[in-house]
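Please find the structures below.
What follows is subunit A paired twice: with subunit B in the first complex and subunit C in the second.
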Partner chain A sequence: MRREPPRSLADYTPLVFPALMLTVFFVIPFSTMIMVSFFRRDPAGFFKPDFVVDNYARFLSLFFGNVLGFSLMLAIIVALCCVAIAFPFTYLLTKQSRKVQTVWLVCLLSVLSLSEVIIGFAWSTLFSRTAGITNLFVWLGLMTEPQALLPGFGAVLTGMVYQALPYTILVLYPALVRLDPTLLEAARTLGASPIRAFLNVVVPALRNTIVATLIMVFVFALGSYLLPQILGRPQHWTLSVLITDQAIYQSNIPFAAAMAVFLVLMSLALVGLTLLVGRRENAG
Partner chain B sequence: MSKFLDRNLTRRAVLGTGLAAAGVLAMPAVLRAQDKSLKVGVYGGYFKDSFDKNIFPEFTKASGIAVESVAEPTGEAWLVQLEQAAKAGQAPADVSMMSQTSTLKGQSTELWTPIDPAKIKNYDSLLPHFINKYQDGRVAGIGAVAWYITLVSNTDVFKEAPTSWAALWEPANADKLGLLALASNSFLLEVTAKTFMGGTNALDTDEGLEKAFTKLAEVKPNVRLWYRDEAQFEQALKSGEIPMGQYYHDVTGLAAADGHPVRSTFPKEGGIQDSGNWVLSRASKKVDEAHVFIDYMSQPAIQGLMSRKVGTAPTLKKDVLDLTPEEFAAVASEIEPIIPRYDLYTTKADWINQKWTELIVS
Partner chain C sequence: MTERLLRRFYFFLVGLFLAAPLIVVAGVSVNEKQDLAFPPKGFSLDWYAEIFVNPEWRKALVASILLALSAAAIAVAIALPLAWFLWRRIAPWANIFQLLGVAPFILPPVITALGFLTFWANAGFYGQPWTAAISHAIFFVTLPLVTLSLGFASIDRSLVEAASTMGADDRTVLKTVVLPLILPYLVSGYAFAFVLSLNEYIVAYMTVGFTMETLPIKIFNALRYGYTPTMASVSVFFVAIAALVFGLIARFGDIRRLLGAMSSDSN
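This part shows the complex of A and B:
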């Protein structure tokens, strides 16, 4: 199909709807948030319209720096784990019969219907000492007595990977299904083992998809605030948890807004950096 | 201070299941065919449901004043709405149930019409801390509902009931506690001050607060869970996963009555008593009706009814109440309570919050 450059104003009309959506659901709320982040906090009330940088100044401390660093690191690890698990899984899934694929996809979609709360409480039961999976290990003779596997970083990571995995698979699936099978056949004909063909042909061929998926899972994981609370200790609380504390419990909307703006900017910067590095590699 | 309202919803939801199971349909919120009426703001959820069902119809029968109950949103949103409406001469509700901190914040803008003690027959029987006063002595609010947060434990794990809040600090209880996650809903600074520093007055100065924070930091290794959501802790307490902590006296009592191995203990330093006030918006023109309402709600019989039906601690002195010792013990105790220093959460809110977060997160 040949693309023609738009000639008249009318040719731009298909853009109106997305632009409108972007304005209503992103530009306006985000601008409001930026505006509020400069308002003056009134401890005895709510906030007053003003232009102060106190809210940002308060954020610039070692304490919040550490929390922000932890949140970003957690989101990156979740993204890496998800893609590392989902990519080979999805690849193998596409090799199955149509029927098997459908069953798997329906099961994955049904996991999406679980809310974060249910996932959190389910994992906290599974990881508990009194009713958790370690009781099963004891029964099997693998352990001597049941243990609590939470709260801890491992529990938080497991919960978050579990939550993001179906999305990861659903994003990777279309690209892997459409992958040209002749690429692999050629590699096999030239003597590559299946694993070598997968690593040296399939993975590089889908590098852009993988990067896009990593970014999606990263952004998705960055917003998580319930699972770190349910499955982690306070040192595993993400910045989103502290934002919620400020907004809902302390009524300090300006400070919450400033933290949220910071979080958005940091994640945009990381996403931009990833794309930049990817582009340079593609060019080189 | 919004956690006060917020928490209420969840904990009340827990409580509510018990009453909902009784299968009684709630009365409609608006009772018509009365000449006089009053709009009353009540915390949404459990409180509104049980007031609509058990308390307001009785009031209308007795006074001829129809009550239209308004579900208050969580957090300080309701205070802000009342404030902004009052500036425009409007009152979304005449009388509102208001957290202690929000009552104090409303005082700073003279949002509350002073209540005339002469019109409240049982004014002298009210426990003193249920009378919220302006600086100059005018009455800003009268206690509406109260409840206790006590020391709770799992009876399978702790055969002997703990007797003091100091149990939270004992090295033997490492990694065994569940505590509320915020300074202004756990009131642990007050507990620390009462247990180790001679009383909550020790928190008057910054040095006193620093000392309390230092002492409180020692409790950290014992804490397994800092919870915001009650369901999280209640489940762990019942199963013995987290066998000790702070929780609501009435809900723990209900769980024990259902056969769960849990108990609620009033430590010798006292349980933490949190509460809400009835306040009257300055924009309301129903000053007389509001006084009739607050007077009615402060009667011994109605306080007794609320303790039995809603599970709240009475706002009146024990000797005027008609509660049996068992009924009284189900909702309160004669041990002098720890009253939270609500003033700190208006004047030093951000400082305390920051210190607290750094204390538990790092």
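This part shows the complex of A and C:
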């Protein structure tokens, strides 16, 4: 059956339910959130309708500036670590047999789908004094006694790289699996070693994919809301953690909403940038 | 030779990094007493039984499974007609709904969660269990939407053409040709949404966190009050469910294709 434009109103029927659901339960909640970001906090309930910009004015504080700066820095480091580990890995993975690829993909998906609560709990156990990795080091004679490796920046970073790594690999996978194999063959025939061919042919050919992936992982890392809280100290809190904290524990939903609007704008700008980079890749 | 060794070593390191915390949690979960100890002291599967025997954990398990089953069903119900329409019709403006379906998945989850919190609070339904099901369905609608779009794209249009020249109307074509062809994609989409909904914390917490406990909420609450080995056994249980579901998808479908590799060109 050819694709054809809808001719009558009846042809639109399949669209009714999805359009209704997505509008009522995504567009409206989203708009509600923007609206609430101008409301005033109500200590007795959730919020009171109003029109104030106080919630946005609070962005100008040093505290908020610090949290924002830390969130951005952390997300950038996570993105760089993940792409640095995942790019060679995914490249090597696509050279494996179908079966090996399938097994790895199943494992990666299983880790990716894990709840942030479980990832946080698992790493806090691994970094703990009583059941942690330092016991292994003691046993090997590398340390004299076990110690806790958390809370700390290292623990937060490790947890977040763990969370984002499967995502990074799965984002890179389609581009690398479809990479024209003749490119590499040509390089090899001309006498390049595999590592040289990888660095001088594969990496430059996928430069835009790498940039787009960095941005995707950056946005993904910005969304981490529990790991900095479980594995870090209060100074390691990110914007997402702060939003959750304000919304639930401080019951200041209007301020949380204002920060969420800010986070949306930032993420959208970055996703837009990714699409732009992707378009250039397809054009070039 | 050295290259192969190096490659093996690299795979081993990545595998170890991904597996290490899970190995420790699996070890901790079989401790005989309520210790957080690794290697485990003694061996006992009691903490696994605890998930089903302890009324609180069982309640959370049932709540989580009901939520995931219904959220995934609603997500598929939204994605199927939308993906079918986009495949069947030329209506560029309808792509906006596809964009809306993908947006909650790309944006930081806390934003979607907060959107739902303000929405349900304003609508006066805050805390009702069904609000979590709808919220999760919207949050995860991307997954069936993506798998179903792939499924429709893989249908050979001449097959459908043949059916309609033989006199089948749209409805018959849909039922006898299209649906059977996309069934594997529908099942995978449902399964993806199910597993992710089972694991989801923040949206569930912001919609029903104060009235109902799903397993991730229960684990987090338990974590705040200290440690119990049931947290470890539940975590292992969740990894097992995810591995089982994705393993089944890989066994009966083509997971490489679902993740973006083309169907039959490489390897």
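Everything that follows uses one rule, which is that the second predicted complex is superposed on the first by the 230 of 284 C-alpha atoms of A that agree within 3 Å, B and C clash if a C-alpha of one lies under 4 Å from a C-alpha of the other, contacts with A are read in each partner's own complex, and residues count from 1 in each chain.
Just so it is clear, a contact is a pair of C-beta atoms (placed from the backbone, for glycine too) under 8 Å apart; a residue touches a chain by one contact, two chains touch by 3 or more.
What you see is a predicted model, and the numbers here were worked out from it, not measured in a lab.
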| item | value |
| --- | --- |
| Contacts of A:S71 with subunit B and subunit C, given as first, second, both or neither | neither |
| First (subunit B), second (subunit C), both or neither touched by A:Q163 | neither |
| Subunit B versus subunit C as contact partner of A:S128, first or second or both or neither | both |
| Subunit B versus subunit C as contact partner of A:F46, first or second or both or neither | both |
| Partner, of subunit C and subunit B, that touches more residues belonging to subunit A | C |
| Which of subunit B and subunit C A:D245 touches, first, second, both or neither | first |
| Which of subunit B and subunit C A:I230 touches, first, second, both or neither | both |
| Which superposed partner A:A148 touches (first subunit B, second subunit C, both, neither) | first |
| First, second, both or neither for A:T209, with subunit B first and subunit C second | neither |
| Subunit B versus subunit C as contact partner of A:N55, first or second or both or neither | neither |
| Touching both subunit C and subunit B, counted on subunit A across the two superposed complexes | 46, 121, 124, 128, 130-131, 230, 248 |
| Subunit A-touching residues of subunit C, taken from the complex the two chains share | 3, 7, 10-11, 14-15, 17-18, 20-22, 24-25, 27-28, 35-38, 74, 77-79, 81-82, 84-85, 87-91, 94, 97, 100-101, 103-104, 106-119, 121-122, 134-135, 137-138, 141, 157, 160-161, 163-164, 170, 173, 195-196, 199-202, 205-206, 209, 216-217, 219-220, 223, 231-232, 235, 238-239, 242-243, 246-247, 250, 255-256, 259-262, 266-267 |
| Residues of subunit A defined as touching subunit B within the complex | 41, 43-46, 58, 63, 66-67, 121, 124, 128-131, 148, 151, 229-230, 233-235, 237, 242, 245, 248-252 |
| Of subunit B, residues touching subunit A in the complex | 1-3, 6, 74-76, 80, 83, 105, 108-109, 181-182, 184-185, 224-226, 228-229, 231-232, 236, 239-241, 346-347, 349-350, 353-354, 357-358, 360-362 |
| Residue ranges of subunit A touching subunit C (in the complex, touch as defined) | 1-6, 11-12, 14-15, 17-19, 21-23, 25-30, 32-33, 35-36, 46-47, 85, 88-89, 92, 94, 97-98, 101-102, 105-111, 113-126, 128, 130-133, 135, 162, 165-166, 170, 173-174, 177-178, 181, 194, 219, 222-223, 225-226, 230, 240, 243-244, 247-248, 253, 256-257, 260, 263-264, 267-268, 271 |
